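I've put the structures underneath this note.
Both of the next two complexes hold chain A, though its partner changes from chain B to chain C.
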Partner chain A sequence: MRQYFIARFLSIIPKLLVITMLIFFGLKLLPGDPLARLVNPEEMSGASLEQMEAKREELGLNDPVIVQYVRWLGNMLKGDFGYSLTSHSPVRKIIAQRFPATLEICGLAMIFAAFFGLLMGCQCARHRNTALDYGNTVIGLIGSSFPGFFVAMCLIMLFALKLKWLPTGGRMTVGETGLLARLKYMVLPSFCLGFSMIANVMRMTRDSMLDVMNRDYITTARAKGEKEGVIFAKHVFRNGCTPVILLLIGRFSLLVGGSTIIETVFNYPGMGMLMITSISASDYQVAMMVLLLAAVMVLLLSAVGDVIIALLDPRVRFGKA
Partner chain B sequence: MDTQNTILQIDHLKTRFKVGKKTVYAVNDVNLSVARGHVQGIVGESGCGKSVTMRTVLQLLSPNAYIAGGDILFAPEPGGDAIDLAKMDRYGEEMRAIRGQKIAMIFQNPMASLNPVYTIGSQIMENLLLHEKVDKEEAKKRIINLLAELGIPEPEQRYNEYPHQFSGGMKQRVMIAIAMICNPGLLIADEPTTALDVTIQAQILRLMLELREHHGTSVIIVTHNMGIIAEYCDDVAVMYMGRVVESGTVRQIFQNPQHPYTRALVRCVPVPGMPKTNDLETISGSTPDASIAFDHCEFEPRCKFATEACRKGFPQAVECEPGHMVSCFARGGQS
Partner chain C sequence: MEAKKKSTRSSNSKRQFQKLLANKLSLVGFIILVVITLMCTFAFLLTKWDPSFIDMSLRYAEPSSEHILGCDQSGRDVWARVLYGGRISIAIGIVCSVLANVLGAAVGCVSGYYGGKLDQALVFVKEIFGCFPTTMIVLVVMGLSGQGVLVMCTIFVLTGWPSTMSYVRSRMLSLKTETFVENLRSTGVGSISIMFRHLLPNTLGVFIINITTNIGGYVLSEAGLSFLGLGVPKGIPTWGNMLNAARSFTVMSEHPLLWIIPGIAVSLFALGAHFLGDGLRDVFDVKTED
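The block that comes next holds the complex of A and B.
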């Protein structure tokens, strides 16, 4: 078991190397002087050509590309991500501000989508072909067929402008920075992000649960004299939620992508907004790091997903699918 | 009902399925009596309703199935009262108290009948704890003893293993352990060996006979294999299109088959030592569509002895010798 977990996390490393390599060479291909991205621009202003050349030599920019790559990787591990071309502040600092913001709304959206998707999907499966099943399906379809920005604007009009329950956007007010204070800023964007996922999660849950409900071992459980509710909770759910977990994990990367639009609508200072502003300002250093971070997140999450599935299903744990 | 000698008596049972607008008449009129302590065989070709009949006993039916009539009288104690299982609510407490405790069932496909995510120990434990108040240590000891009795090597270790670590035959032993842990009075085995290879088949069936010896369990074996009936059963009922057409002891059915269908079934199996020139008998045609309700004997279209009377109604069962019942107009049946 522990061996499986270790192996699963070690398997991230080669994938990570490929991704970092792509991003590194991407950075190399960018127009402009790399010096500007690597050194605090204030420090370099007014330097002579000789000084710049000396700096270049000092930073190893004249070394072979592979050597540079390894050195760059080392810097990354130390948390040195270079400098923004527009704001001149270290990329690490910028990301440290933005990353938690996106993580918060995406996390909340995931919890939201997982909770309601699973709940409604299980209801559909247990009461298949009834009004409850069809009703849930319609709600889910509304979520997946309306574009996120449209739902977002409707919600802003209703809850922020009309009812004035929630703010129209932003992340926090001055003086109130606790999680609870931030929560009211998170509700609407998270709901918009999660709502679009519910239909998918629900559909997958419904089909997967129905599939398990028709398995022979469910009849075995029934033949033991077990209650229907217990059969569902103990025998159906645990087997049926595996594909749903895979779906949720796979969707998380799309969520980060989808959050660009939602963050823009809600003027929410997250990674999505950062991505948009940095690309439109040709701030490649920042854009690339945002990409890298997103890729790392996806890799880590898929490993976490596999671990959860291994905990649920012994056949995975013992290396037999 | 003679509850002293009979454990289960099925009277005029009808089970139907609603499939869209159609109705499938799976069980039409089953009359069957299982003697206490006997091994009762039920034989018939695929789709004749033998499995559905057995699932109806425990009401382990899909949601679109329903009992359209008849009684299933079950007498757990000799001389005690009989209860009608057909009148119980399928999801109710009464039915659940019967399942797994008084009547246990094992299924055709042991590969798919165990939940892949729980250890086999916990799956046997589930049945035990549902019906008996025992502490876990005691329960575990009982389960390990039973596993050993069922011929599972290293039961202490196997207790904590998962179904995918067991072979097909071993899985069926585990299924038997689940079924037997509460010492039920009746064990229903629905084609218990169809998915297993022949040597394992023999082991599993012999095991069931041993259980009968040691625990006094009555057993129903559903099969389409005449050889299994001949070797392991005391009594046999032959089913065709949701009806029991003939029943009696194994000796009566094999040596003196009366119904044309039974005769054909007995003769279509090769017997060691029979002359090479003998042709095996075949039954022409195939089973009719079960979604069309018959108004006369279902075997008539395939029967060589069919007369005008056979096209007019259903023959009632007659006792052609003590304990040997047959339903056929050609054998003196009346409609």
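The block that comes next holds the complex of A and C.
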């Protein structure tokens, strides 16, 4: 068991190296003086050319690229992500501010999508080929077809501008920073993010449950005289959940990556907004770090997903893997 | 022999076509797609206005018999812009979807058939591509290279191939062990011919499904990016660029037609693609892949 975990986490190392390398060369290819991105700008504001050259030498910017890459990777591990060109503060600080905001709405979106996706998917599976099944499928497909930002605009129009129940955007009112006070800011963005995921979760749930329902052990349970409801809850649901959990984990990183547009519509200060504002301001040090973080998250979560599956399903642990 | 093979194949595809027609959802999707595409292609028959013709005296004009959906912030006819804008949105969707899936199928085919080191390398590349969220990659590259339709489409294709590739690859892995492959090989048929002529057609079902749903997906992506102002250059009318005009709250609440119409167009088109894709999934009897 432990061997499997270690092997799975070791397997992401080569990918991590390639991804960091891509980002590193991306940064190398950027126009402008790399010194401006690596050193605290206040420190360098009055520096002469000689001082700058000395600093460059000190930081090893004249070394071979490979040496620079290794050193850069070391700095990254120490949490030194460079400096933002526009706000002159360390990138680490900026990301530390923005990341929780994105996690919050994505988490809520996830709960929302998981709840409705599982519920509707199970309904579909239990009442296969009935009006309920088709109805849920159509609702799910509508969710994945309507662009999130369009749904967002319609909701802002209705709930924020016409009814004035919810704010048009932002993250919190000045002075109220508690989670509950922030909740009303999170409702609409999370709904828009989650809505597009329901169809996927629902379809996966439906197919997976139907697959389990056709197994012999379900027939056995039925033959033993177990009630339909109990069979579904005890045997079908537990076994059918595995692929859905994997899907949800995989989707979470996509949510974080895909929240860019929704965050912009709601003016929500998360990672996505950070990406857009820094690109519009040509602040690529920040943009590249956001991209790197997103990619690393995808990698880590895929490993976490596999580990969870291994925990749930002994066959993966001992059999094929 | 040849004739017999042909007749079974045609009756098979006929049966699949009938199955498709019997599936109401996919029929609706198919009709939506065809109608919207035709309307956009023959836009000149449905409106007499030029989508880029600016008439400042008609700024935010209300709908009238001349301009049935009114005019936008520069006095351009909204109906004409939706129709002509759809051409570019749909074209981007179709081209990117076909190219991404062809690339995915080709790579998956080679990877699965040859196996070994080459396979490992290609799978590795695929996984690296899969790690970066498409929207973010497009934003970074567009920011660096400047906005352009070509740049956007290139990135769409480069980030879009992995899912088709994994499916085709896994099919290839099981197909290549079948006896008929050995037969072909023993009669001297070359690897390329076996791969692309004999094995690849077996994955046609998923290929068609993916193309259909991806067309909807890319139309949505284009709309999203252009909506941010970072997709198709502003001068070109597309559904996304029309939605972009409505990012201010004043336009949003006071001129709802400006954004609701293109929004509905995008949504309907994507809905059609998803309906059809869903129906095709039943026709080809494929289990959900992710």
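Descriptive notes on the structure:
Everything that follows uses one rule, which is that the second predicted complex is superposed on the first by the 317 of 321 C-alpha atoms of A that agree within 3 Å, B and C clash if a C-alpha of one lies under 4 Å from a C-alpha of the other, contacts with A are read in each partner's own complex, and residues count from 1 in each chain.
Basically, a contact is a pair of C-beta atoms (placed from the backbone, for glycine too) under 8 Å apart; a residue touches a chain by one contact, two chains touch by 3 or more.
Here the structure is a predicted model, which means the values were calculated and not measured.
With the C-alpha superposition on chain A as described, chain C and chain B fit side by side in the combined arrangement.
Contact with neither chain B nor chain C is seen for A:Val304 once the two complexes are overlaid on the shared chain.
By the document's definition of touching, of the two partners only chain B reaches A:Arg215; chain C does not. More chain A residues lie in contact with C than with the other chain of the pair chain B and chain C. Once the two complexes are overlaid on the shared chain, A:His235 sits against chain B while remaining clear of chain C. By the touch criterion stated above, A:Met153 is placed in contact with chain C alone, chain B being left untouched. Using the contact criterion defined above for the overlaid structures, shared-chain residue A:Val18 touches chain C, although it does not reach chain B.
Residue contacts after overlaying the shared chain place A:Leu132 against neither chain B nor chain C. Per the superposed model, the minimal spacing between any CA atom of chain B and any CA atom of chain C is 13 Å. Looking at chain A, you'll find no residue that touches chain B in one structure and chain C in the other. On chain A, the positions that touch chain C within their shared complex are 14-15, 18-19, 22, 26, 30, 134, 137-138, 141-142, 144-150, 153-154, 156-157, 161-162, 168, 199-200, 203-204, 207, 211, 247, 250, 253-254, 256-258, 260-261, 264, 275-276, 279-280, 282, 284, 287-288, 290-291, 294-295, 298-299. The touching residues of chain B, when paired with chain A in their complex, are 58, 60, 91, 95-101, 104-105, 107, 109, 112-117, 126-127, 130-131, 162, 164-165, 175, 178. Chain A meets chain B in the complex at residues 215-217, 219-228, 235, 238-239, 312-315, 318, 320. Every residue of chain C that touches chain A in the complex is listed here, in rising order: 25, 124, 127-128, 130-137, 139-140, 142-144, 216, 220, 223-224, 227-228, 230, 243, 246, 249, 252-253, 256, 259-260, 263, 266-267, 270-271, 273-275, 278, 287-288, 290.
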